[in-house]
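Common to both upcoming complexes is chain A, partnered first by chain B, then by chain C.
The block that comes next holds the complex of A and B.
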């Protein structure tokens, strides 16, 4: 461990990127333009499930300024039909995933509202939009299925001939027989059926893409938002059959992503087709309405969970039946993240000797689902932590005490779970005690009485969670560092910020290793002229992966610099010392700075590293007050104690944690994508109906750190971009249910809107009256 | 958005003439409803006649027991006006609860009243206070003005110029905002006037309406408890995925009680 690190790391450095971003000088996807560019508009299906009988584009084609209209037949002819899959592991009984084709423009059939049916390419965006309105599509409607459980039932409408039963993949983890035996000898079994609802990630930046084709080279340049250029290129290549080396992806600033911006969407592949056919660049900028309809949705997991306990409240077994709604097509990240991440953390923070989970991914007539901040981790944490709280209530044990009895003890780490994951380290009892103290757990009963006096219902909820970080298509992360003659240091990474603050964190890591001011280090992310190997930003992996590679590259730069400096200083490399930007001969006064060395000779270093999962963990405690007259819940206290390993920049870590907690709170209290059951129409297609969290929802988060440094990375860090979200779903829901439990309410599915909470209170009261 | 012609009117007369001459013309004040509708291609007005800057439509004046506010007065200006705060503090409070700061700095009183969105806030105040809508052609009593969802007594080409609010003895507004849109899911304005108590409800039904039972109960006893025994019929109220009509009916009573408590 490099203890020297903490001289820069671990301090509050203001984000280096903020001035650019908050003064409107960022360069987002729609800010790119090319000479001669055309504009695309997509005509989208207004049916959830239908056969396309005919497309009459006659008058649209004649509309002045229209260049060409593309349909599914063009996409099929060009072979732009196969979204990449990373579902390469085998499922239940050796099942191979059945990945349906998805032509970049719908061909012969539409399977969800919003699916692109035709693309108009015209001289201006307005002309394209006008012409799209002139296209007549005749549909023959087919029966619609929205609910994933109904989609699994016999006789349900079938979406794809290649996917019988609407079941593209079934998976199991754990030991079914051992788990059944554990349940058979249990003194108590707690059961809950839980919905982790479908949400719309809604990054601030709408989708946009500009594609240019170079006929001489047969290559494409795609200006688009990414979470990492390599992952985008790989997917575009798979989708279109174009060789990876013929695709150049260009991206600078990204205005939020949350997993949603990692995908190569069909629209981009349709634009590639048009750019090639028409020989001019083709640009498209989505509206917010298109975003609600077609940007991938998140979560949509429906889980029946059972927890078996012995007489002393020790957990004996956990059994889950997990239904993952995938929408009408499989995205690369949806099925994998909703299976792999939950199965990796299937035991939560507890010693549970017997585990079994069965996953069924299901196709429905809805927009496809993909990874969304946490990607299955908040979902599994929610399931386990709701079960644990419910079990505590059922057997009459304090929920903190029940956790204490079942935590994986600190001395048991590294801990191998019954499903084969190895958790690196954690101090779970320490986390809990710190959080209980910070939340004044002991004083709650008194506060509850005070609320009662004021006619309000008060509740407190804990969640204690652990999650695996690290995801990605590439086994290694590569970082390059270049020194200019003026001493400025440029760092190149694939990992691409969408708001996380890589420019600051990575600069601090490099500045620390080189002993130079952070301001002298500049990060270039996904530079198209400096291709590197490595992963996108996702799965809380960037500081662990690319951040560690930054550290290694800086160290390598120093070693290489010593060899170069030795020539200059006329000594052996072993005689050269380095500190604070200067190489010095040990036995003489001669010295040369980084910049001078770079001025004389090209000076750069590239390092790579392979970093496995880290296991950040945390204990969050939420306290709420409910107004029983209106059903409105107010979060009166939120405490977060987290183990993120060593922290590089506290302000950034706090910001990430705040964002994650609030994103979870948004889902718990309001966010919900709703489709009409009969027609498959999207009911929440704008901010007038889709409840985004507002600033007043979470007013204060009290945070403490409780680090156990990771050895996965030389920096000692653990990933933490998703931790807040992972913990907050359960902490907040547990608090609301705790407030309602005296009325006999044991569970409510999110979103816990005022109407839903009020309705539950009314129903409980009438039950009470009848008794 | 479809392309359209835009004209900045120099006078109310010019605006009226443009409306008369062009059946597809629409007035633009704050544009808080019209512009999103146009962006969604749900409206194609042309020309768009901008009256937001007309001096004839501005001004907040107090006199003769009445508060007169120009139609182009922005919500923010009503919310922060010392005159309004002194004369009818509940009206200033209501204006401060509309939308968000961006909306309050663009949206106008006249625009809100002319549009008569069933979940808008202002109609509750206009009806409860028994205000008069003064147009380019006549004066319309609030009673006659609101005619259900997005419907008013305004005739084609008629423009709202100002509103005249009689000063109540006391008044209060309580609003339960729609969790997504921030519009009123139930908003209740209570005014104690020289002619008795008036209670107007917005957001819950297809248009603003008075609640006579509450008025009668409060006339006897201006106290939240006076409403305890009342039940709001849910049958004619709105329902959406955020709130069943029974919940809206319940909220009407709760908001009425909270408004009464604030009187």
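The block that comes next holds the complex of A and C.
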């Protein structure tokens, strides 16, 4: 890692935010407190599907220190019942999404384990917790359905009267007839049924929220985690019916997000109700166990894929039947992520003339699913890249060569895909060759023999992917820049870091444009006193959107400064030049600095811009070794060659890539949210039961950049926060399958735990013996 | 209720605490030291790691009452006289943190690890980090930060600085 360090307060740091975070001075959601605050505890359903017959809160109410107990009836009476959806397009045959109501506290019926049934508000968190334990709920159990395919079947238990067949939305993309014709003339068809497993995002900071109500103004202040304050405020308003301008969202440091923070959760809306009713602030801090039960889950896509090839191994058509498990209710981001992103990138990096996909979102008695790092992009990449490797094995062609034959060639960009997306640019053959060289693809056969000699199975896996970065919920991004008399520059953005390092990247962008040291620029994200229009951080969009707006705002600041400086310097604005923090009259020695100019007059500029999707792409190659005696897989090599356009901060980009790749590795090798099929109980409700990736899972990632600059942004950047896991799911799984193929194993679903791999090896050996 | 006396980052405190209060809640809620974080409820994540009488301890796995008479160091007590502790320095130099939520616990755990083993191998580092979870970094830069921290602690700061 070779990157220059910034200097803050006499200390050298990688990022401007670091000094605060390594000293314990960060301010996360649970660190907020207000005078007179009360504490909430939620009593949660321990049934996956049941009618609430009665709630007896008598003794809980009498418990000393309890202020009040709220139930579903209170949520319904207040109208806190309608979570927002951002499904903006129509489905199959013009279908409109059927969005079931979800009272902030369950009313009359519970539909998944963990759903909040009552909220106790008390003087302390422990009193609230004790009192919640005194509430008696009588349930009448209803049949449970966990598996989304079973939920679609005739006769399945129905979750919502308003959603017949448990099917809230059906969508199709591509041309069914043309694709059928392509398959009819295919020389070979490869088929796989793939599970992109349900996982728990698990940002390290558990959820927390503190709500205060101002009775004079009729307004709420909500201290909570966000990916951007605007999206949170919009959702809270929609959910509760409170006007957006009456909600002030306050957030500082956010302890990771990965899509999980993009939602206004029912608990927050219940707290709004309590804060108003009781006239005191109400704080709630979730436990990790509550997080496993109720933080939005990710992925949970089950896909049947078919790839048609001609005699020469050219792809003719791709057909997908995609079932997206949404859990018991629709989240704002779940359905849209798992449909729009996969359909946008349905052709992957290949020229596939005929495409067809059918998507069914399904409701089950499980916790709701939302966007999770990549939000459908890793899922589609996984499906396509698994199919391509499987096809290569079936027709006996090197998987790299099969990719070469089918890549969209560099000269075909901008490339309009058969589903109507326009990929801006990429050099796929260049990426591949660089990655093959870095991974020593040619030397693999020898390495495999060496492993065999040592009694181990070795496999190599490749994935070549492209993804659309998020265009955003709001049509533009605003950034403001303010200069103080001491020359300090403050930048204001809506886009809110959850670890991505915006304070450094955006400062670098502004510093470069203004020609001043990065250390002089400070970023304020989501400042509640400085409202701006714009998007949250999500969909790998921040540097493209807010970052570009930072650049534009800095340029605007210079132009406005020239006009102001001209007055000071006694010349025409056209005679003022700007460089490195100083305005200078062209023909004289007279000059004025940014700070001095600000000292005289308020000096700020606000710029906005609309930035569409960029298309980062990459080729990752993983190599694994499996111990057949234990089923343990070791990742022995991981290579990533990525095109994320121009890179602003190499250390940050490298760090994002590490995190993404390992998040993918976590899903491939261990993570899996499991519900009991019969009872709907969550079997993986703690870090003791859910396998989080740990140090040592991926020892090293060898990376190279292969940029083709984007014109979407004046900076030439492409998004990249999600690229790592988009590519790693397939690269790692393909490597494991490659290692197992000699045993006749061609498919395994994630997670590839030692038990699953060992079991597959044992089964294969016994087949072999029987033959 | 029990009355306890503790020294935290060199300051003496006396507090009356509920018997069931955890050490981490004493630090965060009673003493306002919110740099120590709570990331789970099953003692797996290590976000709440502090030093109790010189040993790295998950402060969620200990009652406040058990800390009576103890000398405690939290993340807030690591930097001295305006200079970062070498391990804090190593974490930022190596970009070993992203969201920063696990970082205080990581730093305290690594300080404990390097105290026991000032020159750990890769295997020993990975083993030593088993009890600390990070969701952002993929751990690769954290392992680098442990090595860099070891260098800085033994005074070899310039050997391969600014890698």
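Definition applied: the second predicted complex is superposed on the first by the 757 of 771 C-alpha atoms of A that agree within 3 Å, B and C clash if a C-alpha of one lies under 4 Å from a C-alpha of the other, contacts with A are read in each partner's own complex, and residues count from 1 in each chain.
Rule of thumb we're sticking to: a contact is a pair of C-beta atoms (placed from the backbone, for glycine too) under 8 Å apart; a residue touches a chain by one contact, two chains touch by 3 or more.
Since the model is a prediction, treat every value here as computed from it, not as a measurement.
Novice: Which touches a greater number of chain A residues, chain B or chain C?
Specialist: Of chain B and chain C, C contacts more residues of chain A.
Novice: Scan A:308 for contacts with chain B and chain C and give back first, second, both or neither.
Specialist: neither
Novice: On the A-aligned overlay, A:22 touches which partner chain: chain B = first, chain C = second, or both, or neither?
Specialist: second
Novice: May I ask you to decide whether A:662 touches chain B, chain C, both, or neither, giving the answer as first, second, both or neither?
Specialist: second
Novice: A:289 contacts which: chain B (first), chain C (second), both, neither?
Specialist: both
Novice: Contacts for A:499 in the overlay, against chain B (first) and chain C (second): which applies, first, second, both or neither?
Specialist: A:499: touches chain C, not chain B.
Novice: Determine, under the contact definition given at the top, whether A:126 touches first (chain B), second (chain C), both, or neither.
Specialist: The answer is both, since A:126 touches chain B and chain C.
Novice: Touching A:755 in the superposition: chain B (first), chain C (second), both, neither?
Specialist: After superposing on A, A:755 lies in contact with chain B but is clear of chain C.
Novice: Examine A:362 and indicate which partner it touches, taking first as chain B and second as chain C; both and neither are also allowed.
Specialist: Neither: A:362 stays clear of chain B and chain C.
Novice: In the overlay, answer first, second, both or neither for which of chain B and chain C A:683 touches.
Specialist: In the superposition, A:683 touches chain B alone.
Novice: Both chain B and chain C contact which residues of chain A?
Specialist: Touching chain B and chain C on chain A: residues 126, 289, 687-688, 692.
Novice: Which residues of chain B touch chain A in their complex?
Specialist: Spelled out, the residues of chain B in touch with chain A are 2-3, 40-41, 176, 179-181, 240-244, 247, 250-251, 254.
Novice: In their complex, what parts of chain A are in touch with chain B?
Specialist: Spelled out, the residues of chain A in touch with chain B are 126, 129-130, 133, 289, 629-631, 670, 674, 683-684, 687-692, 753-755, 758-759.
Novice: Within the complex, which stretch of chain A touches chain C?
Specialist: 1-5, 9-15, 17-28, 30-31, 126, 202-206, 253-258, 285, 287-289, 497-501, 651-652, 654-656, 658-663, 665, 686-688, 692-701
Novice: Which bits of chain C are touching chain A when the two form their complex?
Specialist: On the chain C side, the touching residues are 18, 20, 33-42, 44-45, 47, 74-76, 78-79, 82-84, 88-89, 91-95, 97-104, 107, 122, 125-126, 129-130, 132-144, 162-163.
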